[in-house]
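Order as written gives the chain letters A, B, C, D, E and F; numbering starts at 1 within each chain.
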Amino acid sequence: MRFDEAYSGNVFILSKQDYETADAVLYGMPMDWTVSFRPGSRFGPARIREASLGLEEYSPYADKHLEEVNYFDAGDIPLPFGNPQRSLDLIEEYVTTLLDAGKFPLGMGGEHLVSWPIFKALKNKYDDFAIIHIDAHADLREQYEGEPLSHSTPIRKACGLIGAENVYSFGIRSGMREEFQFARESGMHMHKFDVAEPLKKVLPTLAGRNVYVTIDIDVLDPAHAPGTGTAEAGGITSKELLEAIHLISESDINIIGADLVEVAPIYDPSEQTPIAAGKFLREILLGWVNK
Amino acid sequence: MRFDEAYSGNVFILSKQDYETADAVLYGMPMDWTVSFRPGSRFGPARIREASLGLEEYSPYADKHLEEVNYFDAGDIPLPFGNPQRSLDLIEEYVTTLLDAGKFPLGMGGEHLVSWPIFKALKNKYDDFAIIHIDAHADLREQYEGEPLSHSTPIRKACGLIGAENVYSFGIRSGMREEFQFARESGMHMHKFDVAEPLKKVLPTLAGRNVYVTIDIDVLDPAHAPGTGTAEAGGITSKELLEAIHLISESDINIIGADLVEVAPIYDPSEQTPIAAGKFLREILLGWVNK
Amino acid sequence: MRFDEAYSGNVFILSKQDYETADAVLYGMPMDWTVSFRPGSRFGPARIREASLGLEEYSPYADKHLEEVNYFDAGDIPLPFGNPQRSLDLIEEYVTTLLDAGKFPLGMGGEHLVSWPIFKALKNKYDDFAIIHIDAHADLREQYEGEPLSHSTPIRKACGLIGAENVYSFGIRSGMREEFQFARESGMHMHKFDVAEPLKKVLPTLAGRNVYVTIDIDVLDPAHAPGTGTAEAGGITSKELLEAIHLISESDINIIGADLVEVAPIYDPSEQTPIAAGKFLREILLGWVNK
Amino acid sequence: MRFDEAYSGNVFILSKQDYETADAVLYGMPMDWTVSFRPGSRFGPARIREASLGLEEYSPYADKHLEEVNYFDAGDIPLPFGNPQRSLDLIEEYVTTLLDAGKFPLGMGGEHLVSWPIFKALKNKYDDFAIIHIDAHADLREQYEGEPLSHSTPIRKACGLIGAENVYSFGIRSGMREEFQFARESGMHMHKFDVAEPLKKVLPTLAGRNVYVTIDIDVLDPAHAPGTGTAEAGGITSKELLEAIHLISESDINIIGADLVEVAPIYDPSEQTPIAAGKFLREILLGWVNK
Amino acid sequence: MRFDEAYSGNVFILSKQDYETADAVLYGMPMDWTVSFRPGSRFGPARIREASLGLEEYSPYADKHLEEVNYFDAGDIPLPFGNPQRSLDLIEEYVTTLLDAGKFPLGMGGEHLVSWPIFKALKNKYDDFAIIHIDAHADLREQYEGEPLSHSTPIRKACGLIGAENVYSFGIRSGMREEFQFARESGMHMHKFDVAEPLKKVLPTLAGRNVYVTIDIDVLDPAHAPGTGTAEAGGITSKELLEAIHLISESDINIIGADLVEVAPIYDPSEQTPIAAGKFLREILLGWVNK
Amino acid sequence: MRFDEAYSGNVFILSKQDYETADAVLYGMPMDWTVSFRPGSRFGPARIREASLGLEEYSPYADKHLEEVNYFDAGDIPLPFGNPQRSLDLIEEYVTTLLDAGKFPLGMGGEHLVSWPIFKALKNKYDDFAIIHIDAHADLREQYEGEPLSHSTPIRKACGLIGAENVYSFGIRSGMREEFQFARESGMHMHKFDVAEPLKKVLPTLAGRNVYVTIDIDVLDPAHAPGTGTAEAGGITSKELLEAIHLISESDINIIGADLVEVAPIYDPSEQTPIAAGKFLREILLGWVNK
């Protein structure tokens, strides 16, 4: 079940060799063809894996070691260049396979549109679940320049799929007027600008529920994540995003999967964005799988 | 048969096509010839315009849309390379034209010395006005290496022009001993290291007055604005500068113009500095024009 | 009250202000959504225009000045992100308009697939024409990973459209086995590795014919054009490409249009690729329009 | 006593010309040969000196001028490439000379292992001293991949040399499980994640004692110091490190020397890391020498 | 026999999955700890593999496809950081295993010193063999700054091992006076500045002999290979190095192994050096294995 | 006679310590304030010195060692920022001092205008001398945008000073129509595009004469020298410039001084431009001093 080596590249630090017995599966979605401003996130998964080699395997935050988690890095799903619809179909199909096998799906983007087929696969398995969405952008557009398949639309689609009242956004600081209007009127829960403080209030209300978490790396200030397509000044620090991940680890929600998207290495010659993303994924593996 | 400017090239996002009816005029001053350490701010205005294309036109901070503001991007004033005096004369002349036509002048540097001819043009129109100066550097030198026309001198010159008691500096964390001595003895108002907190105290004391605001992008920490000539560690975040802009928007002062200077794109391969500068200008257009 | 375009922003140096009377029209096609390896050519046209400001307007090669050519820079065609088919339709439509108006179309990519709709527009106007194709890659695939709209296919499509015997490729040093097989068997004219020498032999055989020229910047060695998506070692020098352009200028063929594609600025922090591309376009304007 | 000019490069701003009368000696240790992930800190000292030319000589934090401190920049110790043991011996020998001459040793790394021979030289002079260690990494390994001379081991070695109870670490956010276990069990004082707040509590307990301070630049978040070998997300700001330096300046401890290590310029095209390091060294010279 | 995935990274394009049946083995030697000027070649093998994904699998030079060659990418040998002697021992041991198994060893550096243990392993198998050395530097030093294990010494050591008369250097343009003196007096064959022309004369004299080929990427001009530690102006083009590889392919010598060293990606943000290196390795696999 | 260390930075490899006994003096002119397009050459001299540390001290081209030449690196002349006239006066004054002391002046720019005061200083000493000018640009303008002190004018001024018939330009590939017209009509000797071939013809005609040589690094193709302000495609290789330097070394002319200008490191993250410049200066020191 490992994708062809020649395309999937290296593996995340300490990945187990065996898919069958793994509890979680890490997989890449190297797609950026609907990106409107600066493309390049297709190289995100490969560089995160490469950067992960510089990480410690132990977390002093969680006091846990990656050896305690049984995960398998499946490589990148081979997506057809420039064909959004077929790419999304392939992702939905793959995540469905993971869910059927009882694996925790942990995806790496790629542009944010890749979360949409994951939502659809989850809907087939879970009657009821909520989404925590951490991002600089509302991603609530119905279409972008006439195109319904766009990296600005996945959360709007999610509202349609599972009900706006089950969608919780954090850190939002950019979007069209219509998106913020929709956020106010639809019943969804939008928390602007900050992430950790509002999460502390929201998490107890989600106790016991199934929750999927999608993180767009651009929720960070460009100082902390210059390597992303639509950098937006005025964001949160890496420290705050780490705190948010740990708040979720310690909460009483049932996490059913997660993704981290929009790492675009070419804009970051210092490589700090993939280095940070690797650390976030380590903390997610340690805190969200088998919790 | 020219395609819409907002797509085809170098005009700030959503600039109106008509100078005559515009309330505000955005203009560039591509000059860096007195810069002592690292030149390159002459390319600041062009790259800010380019980066503005990645911005949303709506601000969730102000709940306003750029369509609500009537501004015109006039391009860059063609300044003669290596000739500071003639460059400054051209700027003064141009800003005088804007003021005569009742426009709100919004300038983009270029080095900080470009603010000096703007101050002079304003003095001809307004008997009484104050200056809010947000910067890492005091810019209070009388000369630099024997040269009175230097990017380290504009605020000292301003004190001479409108009276030191009308000059308010914020965020200052670098300068010569003599500059800080002058700040203490001259009657000017210098607030070191921070911007938003001291602004909250000062703004009420300026209520009802005419105020010009000049912002040097290097008030930001180099983490948030690496693309500048004299980066100085220990600065404020983009979040704090956004807060400062919004505090001014919500105050009772009468803003008569503004500039944002010292963006030097070459030192910032991630382009986060022009991207942030574009956002600051959007918030200024939305909050300071026609307030 | 807009300052002269040549100083204020993003128009190719010395572009005339008037579309109606122009002999040639320069236009951008900012599309890179079918690119398989490294995207980014969507920013090519804007950076070539910016770099053109550093060029002299006079050519010591041709002993001509850009003032002698009447051309208009129309900006970039606004193409829908991530939608290849609609993008190609828009290009075909626009170039048809140019041809109907008797303009010389000079396009800037964008990925090489943009040449395909241009070929179709030309076919509607000219019963008979030939194509000179200068490139590192054969671009003779029928599809790429199952996708018929790909930047690896335009020359194969051209062979179908105008007959393989009317297609002349130069400098080719990369492709699939099947592409080189097709080149040998189809009757097209492929010249591997070199450009200037084979051109000297081919040009006399095309005397008097209508010829369109499409240049992929990656025909240059990566030393001379690092800023491109699929850099391929072992290429020609800038000097040889200039020689090739001048050979065409001095030939007896009738040039009916041209394009220069695949400049991807992000991979070239030194900006030498857009700087070189600007010079090639200057020589093309001076030598190929109104010849 | 100045090392050969051809190797030692430029000098830190305002360095005095005379070694004999100097109170403090600034010296470089251009070694990075045991670095496990990204080498390059051998160029740290040279680029810090170069960046220091852009600094003001006066500090508005300390209200002091570099002219008030008598220090001499000795250049870089010429270390043999790829030979850790001989390099460390040369450092120990040189620092011993400085201590014998009554100089305040202020070292610039290079990798963190260079602190180890300094500790040994200090131990020969002082019966009793403590170490303040500011770093992202615990550096408490006994060996690294079987190699006892590694940049991950100097603080463990220090615990053996002067007693774990005399070692105080701040800002630690990365290490192996065994290192944190050792920290808990050995009696050393480890403060995770933060620096300034715990320092406020610890400094009074060290009043009157001899203390050496070693700072690894990677205690800063990569946003503030991208130019380092093992960047680790979730760190402190430049503002907090400046505050920590000033807290030490104002404390009642007796500082017997200091070093700043792990600046690796190649990962930071914006040069913000050496620029910040230069400022930290200025504040250290002004606040820690002759206090 | 594949090294641990977490360290070995991705694989060269079209590598077979099976070590046992492979004719050739590609392996990395990520070592740069004796490098005197600019380190970083430890990342060479990983980036060459990554860049290989952008290559075509077919060569129009050789008219061959990589499917025709049975090779296995073994990943990187896990070398102990900062310990040259143990690293060299591990390389010698690994290459000995390859030779015992009858594999064609194709190594990727890492610094040039890695060739020395390969020479030693070859000497144990072959009584008589010659070395073709293509490089900008003579690498004939006896030691470097007192250190006999240095990246400046491998060819001198080779002369001692197999007799200077069996060593043929090409393209040399840098070294100490003593190295050129040794070249003249020792009986070795040194060809300065050029590669392809002297090879044409030398290859017939080596017909029928066993020959190992070691290529230092810095034989290329920095224009063609900026990503290397000791770039030296005045070198050959990528075109000439391709020609040299093909001359060897077509010669009558018996190639018993090869390496390509000193790719240091960090100095080359355009990635043209690993892209070119990948192409050279493709041509070597197609032309030198099973010839 | 060494300029203040804090400004002059490091020293060129193997520089002697004594000004008095030196035959040649290497000095920097860190000025770029009249540069029209991309500034930054003020940092050229410092980075060339830094890069020189990676050079061998022996030249296999000349079979000479730098120890055989007695030269002194005087550091950079401290020039006042943004004041061209005073800067030029300081240069003229300094070079006059060198000439009076019988030193061979070897200057490093900075922008090309710095050659103008050198020409004037030479004219005071030598009644009759010729200039060899190697450059991409004619530099024959009378003024630039109305400014007579511009980096586009020094060769025109030279023609006025010593007679156009004594000026020999090589490699020219850019300029205004008027400049080429002047070249044709004034009696000066302009050789377009190439350097080595025309030099072979010209050098014998200059036998026995005093000749000053000024080299603009942009005569190289941007592939070989990306780090320069006005990069111009279609230039010569490093190999050809080395050949030109050696042709001059071996000629019968009497060289009275030289300069190498327009290295602007910021545009060249690979540092190949200062590395190449260092090698050119080594060959000049070995071949042109005391010949």
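Criterion: a residue touches a chain if its C-beta (ideal position, glycine included) is under 8 Å from a C-beta of that chain, and two chains touch if they have at least 3 such contacts.
Keep in mind that this is a model prediction, so the values were computed, not measured.
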item: Contacts common to chain A and chain D (chain labels); value: B, E
item: Copy pair chain C, chain E: interface residue numbering same or different (half cut); value: different
item: Over-half contact-pair match to A-C, picked out of the listed pairs B-F, A-B or A-D; value: B-F
item: Relative orientation of copies chain D and chain F, as a Cα rotation angle in degrees, nearest 5; value: 180
item: Between the pairs C-F and A-E, the one where more C-beta pairs touch; value: C-F
item: Identity of the chain that, by mean CA position, is farthest from chain A; value: F
item: Most remote chain, CA-based centroid, reference being chain C; value: D
item: Centroid distance [mean C-alpha coordinates] between chain E and chain B, Å; value: 55
item: Inter-chain centre distance, chain E versus chain F - centres from mean C-alpha coordinates, in Å; value: 38
item: Per-residue multi-chain contacts in chain E, two or more chains; value: 38, 53, 221, 223-224, 267, 269
item: Touching chain combinations (by label order); value: A-B, A-C, A-D, A-E, B-C, B-D, B-F, C-E, C-F, D-E, D-F, E-F
item: Chain D - residues contacting chain B, complex; value: 53-54, 56-58, 60-61, 63, 65, 221, 223-224, 237-239, 242, 269-272, 275-276, 279-280
item: Chain D-facing residues of chain E, complex; value: 32-36, 38-40, 42-43, 80-84, 144-147, 149-150, 266-267
item: Complex interface listing, chain E residues touching chain A; value: 5-11, 13-15, 17, 46, 50, 53, 269
item: Chain A-facing residues of chain D, complex; value: 37-38, 172-177, 180, 192, 221-224, 226-227, 230-235, 267-269
item: Of chain C, residues touching chain B in the complex; value: 1-5, 7-11, 19-20, 28, 46, 49-50, 72, 74-78, 269
